[in-house]
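In the two assemblies presented below, chain A is common to both, partnered first by chain B and then by chain C.
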Partner chain A sequence: MTDIPTPASQTTQSEKRKGYWATVARDGQKMGFWFILPTMLLLLFIVVFPLLMQLYLSVTWWTPLEGIPWYRAWEVFSWGENYWFLLTDPRLWGALWRTVVIMGIAVPIQFFLGMALAYLFVDKFPGRKIFYSIMLTPMMVVPAVVGLMFFLLFQGTGPVNDHLGLPADFSWLTDVNRAMISVIIADIWQWTPLMFLILLAGMLGVPSDQLLAARLLGGSNWQNFLKIVLPRMKTVIIIALVLRAVECFKIFDLIFIMTKGGPGVQTETISLFLYKQTFGELEWAYVAAIGLTILFVLSVIAAKGLSYMAKKNG
Partner chain B sequence: MKVSPGALALKYVFVLLAAAVVLYPLLWMVTMAFKPYPEWTTVSGLTWFPKNPTLQNFEFIFYGEAEGLVVSLDRTIVGPLISSLVTSICGTLLAVVSGTLASYAVVRFGLAQSLPLSVLQLRLFPPLAVMIPVMVMWAFIGAVDTWWGLSLIYGIVTLPFAFWLMKTFFEEVPVEIEDAARVSGCSYWRVFYRITLPIVKPGLATCALFVFILNWSDYLLALLLTQKDWVTLPVYMATLTSAMGGQMYGMKAALGVIAAIPPVVFGLMIQKHLVRGLTFGALKQ
Partner chain C sequence: MSSIQINNVTKRFGDFTAVEDMCLDIEEGEFVALLGPSGCGKTTTMNMIAGLEDVTEGSILFDGQDLSGTKIQDRNIGFVFQNYAIFTHLSVYKNLSYGLEVKKVDKAEIDRRVKAMADRMSISHRLDQPASSLSVNEMQKLAIGRSAIVEPRIFLLDEPLSNLDAGFRAYMRAELKVLQHEFGQTMIYVTHDQIEAMSLADKIAIIDQGKLMQYGSPLEIYNNPANRFVANFVGSPRMNLIDGELREERGTLRLMVHGGAEIPLSGQVRSEFSSDTKVHSGSFGIRPQDIYFGARRAEDDIEMHGTVEVLERVGPKRLVYLQVLETMFLAIDDQDQLNVGDEVPFYMPPAKSLAFDLASGRRLGG
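And then the complex of A and B:
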């Protein structure tokens, strides 16, 4: 709403009256400026300055142990060595690969489970409200607590082994392969409800008269789902998948509590790798270089994705 | 449409199965919190419900010691609990106030049209990729391990949610109401404060609860930006794990229950708007 509210009768009135509305509009703009100011300041504070600092630190050898404050980091200038190093760092690429593996397994499973659940809940049935609330609970539990819960479950002496009849030395979190499986199970448990919630909202948005018409014309449930429901849910599905993929790429809390990235580096994702580089190795300049690279790559992907979406829609 | 009894029964089988999977880990943690030491592991056989229910675990984390336990805590839950509350509330206030004001200006005055997208970008990147300069800055201004330092970063990272959520609520307010008030001589500030804000009050409450949940759920930022005095609940929970050699299942479960309760309660309260909040207003229910 950029227009000045000018009722028809007002426009034909005297200059004085016009002046009044102009003042009002100017007041609006002025107030809008003050309204936006806090957010702008916060953005400036968290985006512009840190980005410059990150760029600066990433071309040095600076670490907090260097004994010089960060603004004198140029004394240990390294040119592009950090960037060169990250291209050939097997641990970084391993962590990236594992992140992609978790995303590639967890997100599709969450999607299919969420879709199935949404299909169950789309029609009313007695007790729907209560079960709906139960289904949503996992995603509201603090991720760190979810990590703790699955840490408890997957102990050798824990309930999973007990209920499956496995011996106490059948380890999950310290086993080379099963550690990854445990982490993925925990992520699926926590975030399937998000998929379910979004997909259900999309499914409920499908016009019911169209479905009814298709049913009257003799379409089977499966046909109706494929030909009527799915196409109308396209946007919702894309939103759900993108949202989950972005969040899954950042995964940290769960894994950090459950396995700390172990055994060895078996469950070390990008975030855990960065954390260990920051606090274990104290390679802050290197982390800054990796961070900037990630920032750049993700921005390019996001821009490409947005323009692709815009082209498709327009 | 009529559903056959067979199909309905099948539906219940699946729904109950899903509910069981959801409740299994939750219930295990909750019952674990009330179990005394001998019932924690398979050594004496696992049961779902504690054979000798006890409040010992809660007593231990609140007082630092409990009857019949040789170990004691040098640090109780009280400090982290206060820290979690203070930083989450202050962070929420910062995010909601600045997000509300900015989204109103964007919606009503058409200012800063690029702001919504640039705000959204804050959520795209893994926090750890951009935390080095933040940590250096926070150390530089003395904000590490203070309540305001943590609140500040909480307010900033949840600002996008507050902004987008309030944007959708403001877009629903008919502009005619505001125009009518303006024609009757209200100033812009009065229109905002007296007319629009009361209309979006339920939305504002939803937004605040939603942002509070996000702040309360944080683990990483508190891990990076606090050391001792303002450690939050999840970080405290994790340090308890390592200090105890990973054997204090009951206490950890008790802590987990306490940390999990507020977001679950608030989350169920704002169920209706969760879709809107989580998809940055792209979808409504």
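And then the complex of A and C:
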């Protein structure tokens, strides 16, 4: 009975500990403190300071056009105007919506293609290694180069139209809907291999004797896939989807080169929008507000997701 | 239930021949053990029967019917894997019901059969738990139950007992025999444990390096080994196998062993050795329990003298290691009269001795 720690005994223990440190501090042995100080300072400069500066600027009207240094930005103090504005900015919400649309179409397609390819590649077949290497090349190409490639492919007089027998004025990248399709195709082309790679690794981790046992019990390939392979790949699937979704949310290079977000703002994603606000409109304070808001929202989502997963696994 | 005919089956992996010209006839409802040392091709043979591996040459017939064109799923073959291959992400119940669920059996029927099988295998109290939480012994039962529940035409078991502790192993051995009677299925059982094979099987197929060495009932194999390999492999303690040169001297045929020992051959074993005049070096075999001490019991029993090197107690008997020059004979002393260091005569009845051609391993005469 005496061994069960009561709140009271806990406090006395922590007090004891405090007492210990107090003695250490009195003795002037602040070794630990000096050891972590450099790291703390470094963190302060690379994380905390920029964040604080961003927070400060986001509540002003400061732009380079004001002609005043950043520390005097308080002279054009805006209170929460930037935050209010971003809630009602149709262009921001449009960009967000388009980002989600690209994500919502490209990632599932990548997932299904990747899964199908992985299923083909779990079994050995002649030339598997060569095909495997070829399959993986797209994801090793620099995204900007992929952008350029598809920019050229989708030209009115380019190979795509040529092959499909479409006229030169059948435009892809300057058409309201087809621009979006082109961008999504390019993203799928580049990132299906990554999906494939992760899912293949997961699929190879499914014990082959269990699959054999399932087949001998009379399960069709499809039944065994649903009941044995998929459940065993759950973790890998979640990782693959999250990884791709996060990456896709940040999509920039491809679109920047293929369409510059056009026609109009038809393919403008969050990243492109931020880029244009920063270097086109020079709305630096506004961008700071958006950046902080995104950071805040993502942190909340991530924290929720992590605690959910921890609860499920624990 | 069905009979199985394995006709001249050969399996090659590239240049390597894992199974060579194998012929086995297994009758309906028979319990056959494939016995052989590690790597001899037992699992490969099983896999070919189950259809997990294609045969390179030859054919395998079930009730006279070739299933090589039939999908694994439709062959209805029960297979218990060497490591059980339990679906560890599913519950025990779901493991048992898998084979029925995929065949879209009625829910109530599934429930009834799963419960009956769990009862039979005495894992009822575990039904709702994840299969990964089972002990090895329970996994074993689950693996057998999972296959048995779909009532397969044949039952293949690949070393199902090799991972179990000794006590449970003995229990499971008895249990398997009971199960086989209950299910009535043709069973093929892989093992490298001869005691298991001897106690369970109606027939034993002994395999070495991919070749069938002998196929017959346990007694037949024990009493009448077809070649030196089988003689050496079956029986515990092992048969004495003494290799040497055959030499005819002053009217007696002797086996001259390296190191100087000589076995004067007489009676039946002598005529067996001399049945093939082309054989010049042979192997003389006798089981330890057939060697006796004390008074000579028959006129033509082979007499030899040896020194007792080691005495080893095994239950009520003692194993005797007899040194004859550089050759060691293993015998059994059930009289408790020998002491280490004794120089004693011992006798070997020719009718219980076996003759083998050393070069080919073939049994001579017999």
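Here, the second predicted complex is superposed on the first by the 269 of 314 C-alpha atoms of A that agree within 3 Å, B and C clash if a C-alpha of one lies under 4 Å from a C-alpha of the other, contacts with A are read in each partner's own complex, and residues count from 1 in each chain.
Heads up, the rule we're going with is that contacts are C-beta pairs under 8 Å (C-beta built on N, C-alpha and C of every residue); 3 or more make two chains touch, one makes a residue touch a chain.
For clarity, every value in this text was computed on a predicted model and none was experimentally measured.
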Chain A as common anchor, with chain B and chain C clashing or fitting: fit
Partner chain(s) touched by A:88 [first = chain B, second = chain C, both, neither]: neither
Partner chain in contact with A:215 - chain B first, chain C second, else both or neither: both
First (chain B), second (chain C), both or neither touched by A:36: first
Partner chain(s) touched by A:159 [first = chain B, second = chain C, both, neither]: first
Touched partner set for A:197, first chain B, second chain C, both or neither: first
Partner chain in contact with A:177 - chain B first, chain C second, else both or neither: neither
Which superposed partner A:232 touches (first chain B, second chain C, both, neither): second
Greater chain A contact set [chain C / chain B]: B
Which of chain B and chain C A:53 touches, first, second, both or neither: first
Where chain B and chain C come nearest after superposition, their Cα distance in Å: 5
Touching both chain C and chain B, counted on chain A across the two superposed complexes: 212, 215
Of all residues in chain B, those that touch chain A in their complex: 1, 3, 8, 11-12, 14-15, 18-19, 21-26, 28-29, 32, 40-43, 46, 97-99, 101-102, 104-112, 115, 118-119, 121-137, 140, 155-156, 159, 163, 175, 179, 182-183, 187-189, 192, 213, 216-217, 219-220, 224, 233-234, 237-238, 241, 249, 252-253, 255-256, 259-260, 263-264, 266-268, 271, 274-275, 278-279, 282-285
Residues of chain A touching chain B in the complex: 1-2, 5, 7, 24, 27-29, 31-36, 38-40, 42-43, 45-47, 49-51, 53-54, 57, 70, 116-117, 120-121, 123, 125, 127, 131-146, 148-150, 152-153, 155, 157-159, 161-162, 168, 189, 193-194, 197-198, 201-202, 204, 212, 215, 236, 239, 243, 246, 249-250, 252-253, 256-257, 270-271, 274-275, 278, 284, 287-288, 290-292, 294-295, 298-299, 302
Residues of chain A defined as touching chain C within the complex: 207, 209-210, 212-220, 223-224, 227-228, 231-232
List of chain C residues in touch with chain A within their complex: 50, 52, 72-79, 81, 83, 85-90, 98-99, 102-103, 146-147, 150
